[in-house]
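Quick one: structure below, then a few questions.
Chain lettering (A, B, C, D, E, F, G and H) follows the sequence in which the chains are written, and residue indices restart at 1 in each chain.
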Amino acid sequence: MTLNVYLSGEIHTDWREQIIDGAKGLDVTFSSPVTDHDASDDCGVAILGAEDNKYWHDHKGAMINAIRTRKAIEDADVVVVRFGEKYRQWNAAFDAGYAAAKGKSLIVLQQPEHDHPLKEVDAAALAVAREPHQVVEILRYVLTGGLSS
Amino acid sequence: MTLNVYLSGEIHTDWREQIIDGAKGLDVTFSSPVTDHDASDDCGVAILGAEDNKYWHDHKGAMINAIRTRKAIEDADVVVVRFGEKYRQWNAAFDAGYAAAKGKSLIVLQQPEHDHPLKEVDAAALAVAREPHQVVEILRYVLTGGLSS
Amino acid sequence: MTLNVYLSGEIHTDWREQIIDGAKGLDVTFSSPVTDHDASDDCGVAILGAEDNKYWHDHKGAMINAIRTRKAIEDADVVVVRFGEKYRQWNAAFDAGYAAAKGKSLIVLQQPEHDHPLKEVDAAALAVAREPHQVVEILRYVLTGGLSS
Amino acid sequence: MTLNVYLSGEIHTDWREQIIDGAKGLDVTFSSPVTDHDASDDCGVAILGAEDNKYWHDHKGAMINAIRTRKAIEDADVVVVRFGEKYRQWNAAFDAGYAAAKGKSLIVLQQPEHDHPLKEVDAAALAVAREPHQVVEILRYVLTGGLSS
Amino acid sequence: MTLNVYLSGEIHTDWREQIIDGAKGLDVTFSSPVTDHDASDDCGVAILGAEDNKYWHDHKGAMINAIRTRKAIEDADVVVVRFGEKYRQWNAAFDAGYAAAKGKSLIVLQQPEHDHPLKEVDAAALAVAREPHQVVEILRYVLTGGLSS
Amino acid sequence: MTLNVYLSGEIHTDWREQIIDGAKGLDVTFSSPVTDHDASDDCGVAILGAEDNKYWHDHKGAMINAIRTRKAIEDADVVVVRFGEKYRQWNAAFDAGYAAAKGKSLIVLQQPEHDHPLKEVDAAALAVAREPHQVVEILRYVLTGGLSS
Amino acid sequence: MTLNVYLSGEIHTDWREQIIDGAKGLDVTFSSPVTDHDASDDCGVAILGAEDNKYWHDHKGAMINAIRTRKAIEDADVVVVRFGEKYRQWNAAFDAGYAAAKGKSLIVLQQPEHDHPLKEVDAAALAVAREPHQVVEILRYVLTGGLSS
Amino acid sequence: MTLNVYLSGEIHTDWREQIIDGAKGLDVTFSSPVTDHDASDDCGVAILGAEDNKYWHDHKGAMINAIRTRKAIEDADVVVVRFGEKYRQWNAAFDAGYAAAKGKSLIVLQQPEHDHPLKEVDAAALAVAREPHQVVEILRYVLTGGLSS
């Protein structure tokens, strides 16, 4: 069994690297959104031409990013969504809803202070983790049946 | 043509009433989540028994609310998602993602200051409105082909 | 909002009547398997001709019952599955799995002593109730947003 | 043609090994749930933290196990479900229902004394076998068209 | 529960009338292909213009008939397929395959001398009846749970 | 049997009225795009605010029109697409492709001089008509089995 | 582009070998039902035990054959269905209907004397061929864009 | 991540070659319709026999081309549709609609003078490009997250 895992959400800490490093040796393929904040914001106008209006500037970029995101979620068996300390992160919650509707196994990675506002998202998840290493342990267990001692 | 419209998101202002009132006479059926904040938070333990742990208290409620929410989105032709001034509203963004993945027509109702953090959500929408009466105008136009003079 | 609710599982107690009675006045349509035990066992041979072999006797009946069961689950928004005190009730668990795969909202009705063997079924459910009146309360809340005082 | 076969159900006898051994040389990929009983029961709390309440202890584990089970059934062409002599095995029947709803080819492996309580499950199956070697013969025939002499 | 039943196949005997008459008083809606043989053969050229080539003459008619047939099968809960004594009736077997792939409950109505050539079709059916009144009895039982005495 | 029919394409002649008039008395429900050319072009900016850039002016309108179009095609059993003498009518061909992918029965209404450029569209259709009254005849035949004498 | 092609229908002539030989060098993977007539008829009882009743003898075999057939059609891009000179071949027509409902590209291989009884099957096909080499030419053209000179 | 990209539309300029050349080194697989105009027009009669009537001549070819086109779109993650300066190109718009209904990411490649007639097609797209190199840049960004400097 190979697991395709999409790592959605917060882009300002190294949680993705921690999971990818921790999962070395497991039969997992990871995908992510573009995590270069500037490229992600500006890809639309950089490729397709400038816009006077900031709304359309953002829109062109978000739609190109959607080509990557939709493909990655469609191909995923497991979608991990990380909610960080800062920002509103509506795109993370959007990805969680999208993944849930597509029948993907959802793992939410978040701190306890967000339990209440995230309760609807958590209710659609198969696991709520606090730390990246817990996500690694879940992947290891799902693939090998083994638990770390 | 009858439109089933689900009104998702913010529960602290009267935007739903404005839309429902404005759409009087149009062939529209509206549905909403439970907007009584206390009932929505406590339905799980009130019906199925208390929990010591606040996480499971929330969880039991969120899952019962999901029975209503999933049914309403599944039945909807159009999902309107309102992002208000306050709170994180991850459940609104989750509903937007869920609706998009199910191929529903999505209308986002939000103020310009949130354009940037909502750009991925907006990119999945067929309309981004600022005021409830604009949502009414969209429904009127979609159903009748007429524009207010 | 109208809810179509399929009542699956145990046929030797009056739990269905309790739920249907309790839900009077709510916008719910109920369906059930055939609960006449003899008719359910013998419908195949009674209609299509006797079988020497008990296996095929059972088989012909089970397949005709499936016409009703599949239709009822397909049409349902909510599937309630009752596990009683006696018998193996594999058909109840089968219905639960079938409903889960079809994306139906699942409510399990069972006593605490079965929590452990039912944990995989419960993990697919949006509510685990102990008494029929709790199922009624869930339906009432989902439809009206109100909780009994 | 390669067949992906998921082996669901009873975990206390060596029926899986008998099938996997017997199918050596055939173009089959097998998957199974985690069959280490303790790991399967405790994976949730071992990875995500202890629970005071046994119900939630079980629940956290069952949901992590579902990540593996859903993936395996989704990928399978054939789902073999074994009902053993002991225990209630509702998860086996749940998997059978889930697989049937997903359109998978279902093979049930069970003894004749369970024919009557399993008649609804059998009615959804393409074969009912009594012994593991019969499952091997079915896989061999499906893949090669040949019957053992 | 209302059943939509599509009556496919043989058009030279009164089996449809027998079923429709027998089911009077039951909550069933019936649909059928066009059973006027000449209209069915010639509808294409009668409406859309003559063809020199008999193949295209037939083709234009068959495609218009498909508008009705596809709609009727799509709407059906149960598809009854009648194989008569005469003709090759490939369209009946085609409808059976189409219905099976769409997950419809299939009832085959045929005489024992065709059991062997129809075995693959029968293997996809939930009932194999010999006489129209048996189909009526199945519908009555599925809807009411009652068996004729 | 009731047919839902969506009338897509050319908006400068009275072909829709001819079909709707001709079908009086038949069990058909018709839907159409907004055929007021100015309203259709300007609905986006009229409701949601002006755009400096003509591209986004068009875009906002086209997306609101899509709410109506997608709903109408989703609900349709039959999609009639009319290609007129003038204009490029790419939206008509787009609707035809969309309807074909959704498994709708497609009827194309076009003149012989367009047979060659429309051959891929026609290849997905169940009928190619030249005149509106032929579409009426098809609907009458599909619903009643009768041909005009 | 690789094409998966399922070769359904008549098993008494060498049409499959002609197509497979002719397609040497093309990027095609072929699958077929079991074409050993005796094995196909008796596989059920040979593996799962004898039946007194010929109907169930046939049934057990047909259901095991369905494991192979369903998998092969599900995996196929193109389904070629051959109707021969003899026998009723209802299973060929059933496969054609099944494939059509699954959205597979259907090629029918049949002689002109069967054009009329096969018109509904042909109406669901993208090509009607008379000789195996024409099927090879279609596959070659679809994969390479080239026509034999 | 590998992207499967289908290049639909105009066949008289070298835009496909520009994109394929530009994407060298990226993890992209391209597919296209048959771009040999004569082969595409005549494949039906060349393989399956001549037709007196030009309509059926075209029809037989268009249906064989559909085997390739449907397979390529079904397998694609991204569909690029090019509208050129000349011809009506209804098949391009048809492919766009088909791809949109299948949930594929759509990129439209067209000149500004067609913005207005293409507005409904563009409204279903995630990007509207003017030049082939922009399509290459989108693919590069989606796969690598990098923008050309």
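We adopt the following convention: a contact is a pair of C-beta atoms (placed from the backbone, for glycine too) under 8 Å apart; a residue touches a chain by one contact, two chains touch by 3 or more.
In this text the structure is predicted, and so the values were computed from the model without any measurement.
Of the chain pairs listed in A-H, A-B or F-H, the one whose interface repeats that of D-G (more than half of its contact pairs identical by residue number) is A-H.
Of the two chain pairs considered here, F-H and B-D, the higher C-beta contact count falls to F-H. Separation between the centroids of chain B and chain F, computed from CA atoms only, is 31 Å.
Inter-chain spacing, taken between the CA centroids of chain A and chain F, is 40 Å. If you average the CA atoms of chain C and of chain D, the two centres end up 23 Å from each other. Among the residues of chain H, those touching two or more other chains are numbered 63, 66, 103. Chain F makes touch with chain H in their complex at residues 54-55, 58-59, 61-63, 65-66, 69, 83, 87-102, 112, 114-124. Against chain G, the residues of chain C that register as touching in their complex are 51-53, 56.
By the touch rule above, chain C contacts chain E in their complex via residues 31, 34-36, 39-40, 42-44, 46-49, 60, 63-64, 66-68, 70-72, 75.
Contact residues on chain H toward chain A in their complex (touch as defined above): 1, 3, 77-78, 103, 105, 107, 126-130, 134, 137-138, 141-143, 145-147.
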